[in-house]
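What follows is a group of structures, each given as structure tokens.
Both complexes below contain chain A, partnered by chain B and then by chain C.
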Partner chain A sequence: MKNFWTYLKISIKSKLYYRTSFILNMISPIIVLCGQVLLWKGIFKLNNASDFADMSRNAMFSYILIAFVLNNSLNWSTENSLSKDIRNGTVVSKMIRPTTFLSQNIADMFGGVLIQGLFYTLLVIVIFFIAAKDLFVPSFSNLLLFVLSAILGMILRLMINDFFSLLCFFVTGYLGIAWLKNAITNFFSGAMIPITLFPVTLKSIAGYLPFKYMIQVPISFFLGEYTFADGIKTYTVQILWILFFIILHCLIYRKIRINLVIAGG
Partner chain B sequence: MLKIDELEKCYRNKEKRSIFHTTKSKEEKKALDGINIDLKEGQALACIGENGAGKSTLIKCALGILSPTSGSVRLFGEDPRRNKKYCMQKVGVVFGQKTNLWIDIPVIESYKAVKQIYKVDNDTFKRNYEMVMELLELKDIIDVPARRLSLGQRMRADIGLVLLHGPELLFMDEPTLGLDINVKYTIRKFLRQLNQQEKTSIFLTSHDLDDIDEICDDAIVISKGKQIYSGKLDELKNVYADKHIIKISGMKTGNILSLFPGVELTEKENQSIISWDKSCYSVQDVISGVFRMYAVDDIEVREPDIDEVVSRIFTEGVSI
Partner chain C sequence: MIRAFLSIKNQCIKSEMAYKANFYLLVFAGIVTKFVGLGVPFILFEKTKDIAGWGRNEIYLVMVYIIIAEGVNSLFFEGVWNIPEMVFSGKLDVLLIRPMNPLLQVLSYGVGIHGLGDLLFGIPTLIYLHINLGLVNAKAIMLSFIYIVTGTVLCLAVYIISNSIVFWFDSGGKTSIPYMIANVGQYAKYPLRIYPVVIQVLLCFVIPYAFMGIVPAMIMTNRISDLYFIVVLGVVGLFFLMAIYIFNKGITKYESAGM
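Showing the complex of A and B:
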């Protein structure tokens, strides 16, 4: 565990070393958020209603803000650093340290999540204070249930990302996998639009996949849609999905060691 | 320290289809076949082989990064795949083409991280840190992010990094690749010193045969995945170099060719180089002839050149 913190510290230092690039990375999602807010404002104005598919206007804007924090805590560069290491062969340095490959990967991504997540969380808290009357503000107990679910959701996301990154050992380019992963996770996690707005078939498909436990499910706690009893069940499912991806990691890593060809010999 | 028995590693090439390329059927390629190594404490072993011979694959199998198809690998008596933490704690690995440094942070930060990751106590760290700082001349680059270092600077920093935890065995995969002569010299001198004074074992692969000559006493030769020699480096050179060479400084007083027909004579100003097939004359005979035919100022019996040996092995495909 002590090693995990060492890797985490290195990850944070590495990400903060190039400040301009870091700040630019932080700004671009905020522009997309402004676009999303304007779009939903327009939709509610057109419909001239306070509800849209069972979601109140306030709940919808809270959803957008929380989804923004959860989705953008892990940026493109952090998400794909392992894939890039695999493609250029530098991944081998992770394999010769006296620490498990998985914990190094998770620490590396988590460093990015801590910095970016903290910044966006503070930003959204300020927005909640400024525009509280236009937003759904949760009760304290809902907030606690949400925080726990959001942490589990983030761990699950790191594991899913690790899984997709490991696939780069088997293909020649990482961009295809990265874009595919982004499209699938953004869509089925509820980051783009809430899963409650999906058609029935897509909604049932999303129900069998792990992605909604990254964003949609934690936000449901925030919006008070889930009770404490739902919480126990949901946390269990989240933990089971995390374990599933840990086992998958071990199986893929074993396969990699049998037929691995590292770039550059 | 490192014991490898009958190591075999096969890669499976899967069937490939593409618009522009013909279909390649599923096949198995033997990257390593029947490799045996017994590396003892304090030994410096060179692994010689042409490009694609399987040298890097051998290192990866020895470290447990790759699983062997058959055979056994024991690193400090353990299977490195099962007991990674224990084994990696005792080894240092340098891959010349890849850095082990965290490239975005200053070198010193990577060094501090290694202290924590390998749980190096303060005294050991201080001693090793001062040693690498001095011998690898790292003072000017220690606060610079690895990304901004030149190749030679980065390699020195990389070698320093793997020595901080006091490894008992060093794996060096092409450590002087692409470096200028000064940096090569520093690294060779350092590794030789480390091997002789600290008794650190070294497993070295390099295409620069001067590296091998200066650092290692023992060698294995791998060609197309097969081990074709294992033993002393000097023996390899003696067995393989089919010529003797003598270099003479001094005035010529007679014709050496009259005494030893068939020897090759190259003359330049006051220097002469005589070379001949080992099977024709003994070194003693030729030297005594040289003293009759030259007013000798200086005479040197040259060691067989390792470049020549290796070139013969790989170009002529001679078996040992």
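Showing the complex of A and C:
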């Protein structure tokens, strides 16, 4: 655990090294967020309705804001840092250190999540204070249920990311996998549009996949759609998915170690 | 000059094809990404009949124009995204001493294989939309082709301008300003009417993404007069000339890294 915190500190320091660049990178998703808010504002205004497919206006805007925080806490650069290491061979330094490969990878990503997630969380809290009357404000118990689910969702996301990064060992490139992963996870996690609005077929496909536990499910707690009883069941499923990806990591990593050849590594 | 451009491009594609699995994965990723991108309007239209008077296929038409323009740009002009790094590292020196237009050289560097996926998805979808919207006459097909060209040129012009900012505001070759400007393009996928006036002005006059998809689709679906075709050509031409001017002006500001 001591090693994990050391790697976490290194990760945070390295990410804050180019401060201006890091801050500017954080502004970019805000532009997309504004676009989403304006789009939904326009849809509600033109339809002259207070709800859209059983989702109230306030709930929708809260959904967009929370999904924004959860989805953008991990940026492209942090998400793909292991993939890039694999691509250029520098991953070898991670493999010879006296700590597990997984913990280094998670620490590296978690460093990014801490800084970026904190920034976006503060931003959204400020928005909630300013525009509370236009947003769905959860009860304290729902907020607690949400926080726990969001933490589990984030761990699951880091594990899914780790899994896709490891695939780069087999295809010797990372862009293809990164694009594919982003497209699938953004859609089926509910980052682009709430899964509750999906047609039945797509909803049932999303139900079999782990991605909705990263964004849609935690937000359902926030919006009070899930109760405490649902919580136990949902947390268990989230934990089971995390365990599944940890086992998958171990299996893939063992296979990689046996076959790995790095030129000059 | 064009021959040299294509020759460099050919080498880039060959080097990408050296990693076969990654090559095909990139093409596939391009297709999936764009397919999923249409998922949002698809779901919206499951719940509503129209968005600001626009039907499902009409919105798809806007998006497909953008997809194809972005695809062509990725495939042929991906090098534009290298400008910040080239300026920071001093690699632009090499380009400036060669007897070839520096901008053309910059554009020829690198190839976005996912762009091929964009085209493989975008072109059949456009054909389907033409049939579905009853745009099967020669005039409509020719106009559609022209809008793809103007959209591509406009997209390229925006990318050149946004990346050329680095000549004045260098931030370690890691500037995200170009990506921020590119993200504004997200707004241009839906009818302008749903946005406040400020955004409408932004999309029409400041970063004229509206002329990539919305305005052409408005002309094609007879929402505005065919004469707006001239406006599209004018705006795109003007913006492209502005992009070349800004890039050339930026070159004069360029200071070598002292290699």
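One rule holds for everything that comes next: the second predicted complex is superposed on the first by the 262 of 265 C-alpha atoms of A that agree within 3 Å, B and C clash if a C-alpha of one lies under 4 Å from a C-alpha of the other, contacts with A are read in each partner's own complex, and residues count from 1 in each chain.
What we mean here is this: contacts are C-beta pairs under 8 Å (C-beta built on N, C-alpha and C of every residue); 3 or more make two chains touch, one makes a residue touch a chain.
Everything numeric in this text was worked out from a predicted model, so none of it was measured.
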* Asked: Looking at the overlay, what does A:Gln216 touch: chain B (first), chain C (second), both, or neither?
  -> neither
* Asked: For A:Thr78, is the partner it touches chain B (first), chain C (second), both, or none of the two (neither)?
  -> neither
* Asked: If you stack the two complexes on chain A, which partner ends up touching A:Ser189: first (chain B), second (chain C), both, or neither?
  -> neither
* Using the superposition described at the top, determine whether chain B or chain C touches more residues of chain A. => C
* Asked: Touching A:Tyr18, do we find chain B (first), chain C (second), both, or neither?
  -> both
* Asked: Which partner does A:Arg257 contact after superposing on A: first (chain B), second (chain C), both, neither?
  -> first
* Asked: Who does A:Ile10 touch here: chain B (first), chain C (second), both, or neither?
  -> first
* Would you please give the residues of chain A that touch chain B in one complex and also touch chain C in the other complex? => 18
* Asked: In the complex of these two chains, what residues of chain C are touching chain A?
  -> 19, 21-26, 28-30, 32-33, 35-36, 39-40, 43-44, 46-48, 51-52, 113-114, 171-172, 174-177, 179-180, 183-184, 186-187, 190, 193-196, 199
* To do: Sort out for me which residues of chain B touch chain A in the complex.
  => 11-12, 56-57, 60, 63-67, 81, 84-86, 88-89, 91, 93, 95, 97-100, 102, 104-105, 109-110, 113, 116-118, 145
* Structure fact -> chain A contacts chain B in the complex at 2-3, 6-7, 9-10, 13-15, 17-18, 89-90, 92-93, 95-100, 254, 257-262, 264-265
* What does chain A use to touch chain C in their complex? -> 18, 20-21, 24-25, 27-28, 31-32, 35, 38-39, 41-43, 45-47, 52-53, 170-180, 182-184, 186-187, 192-193, 197-199, 202
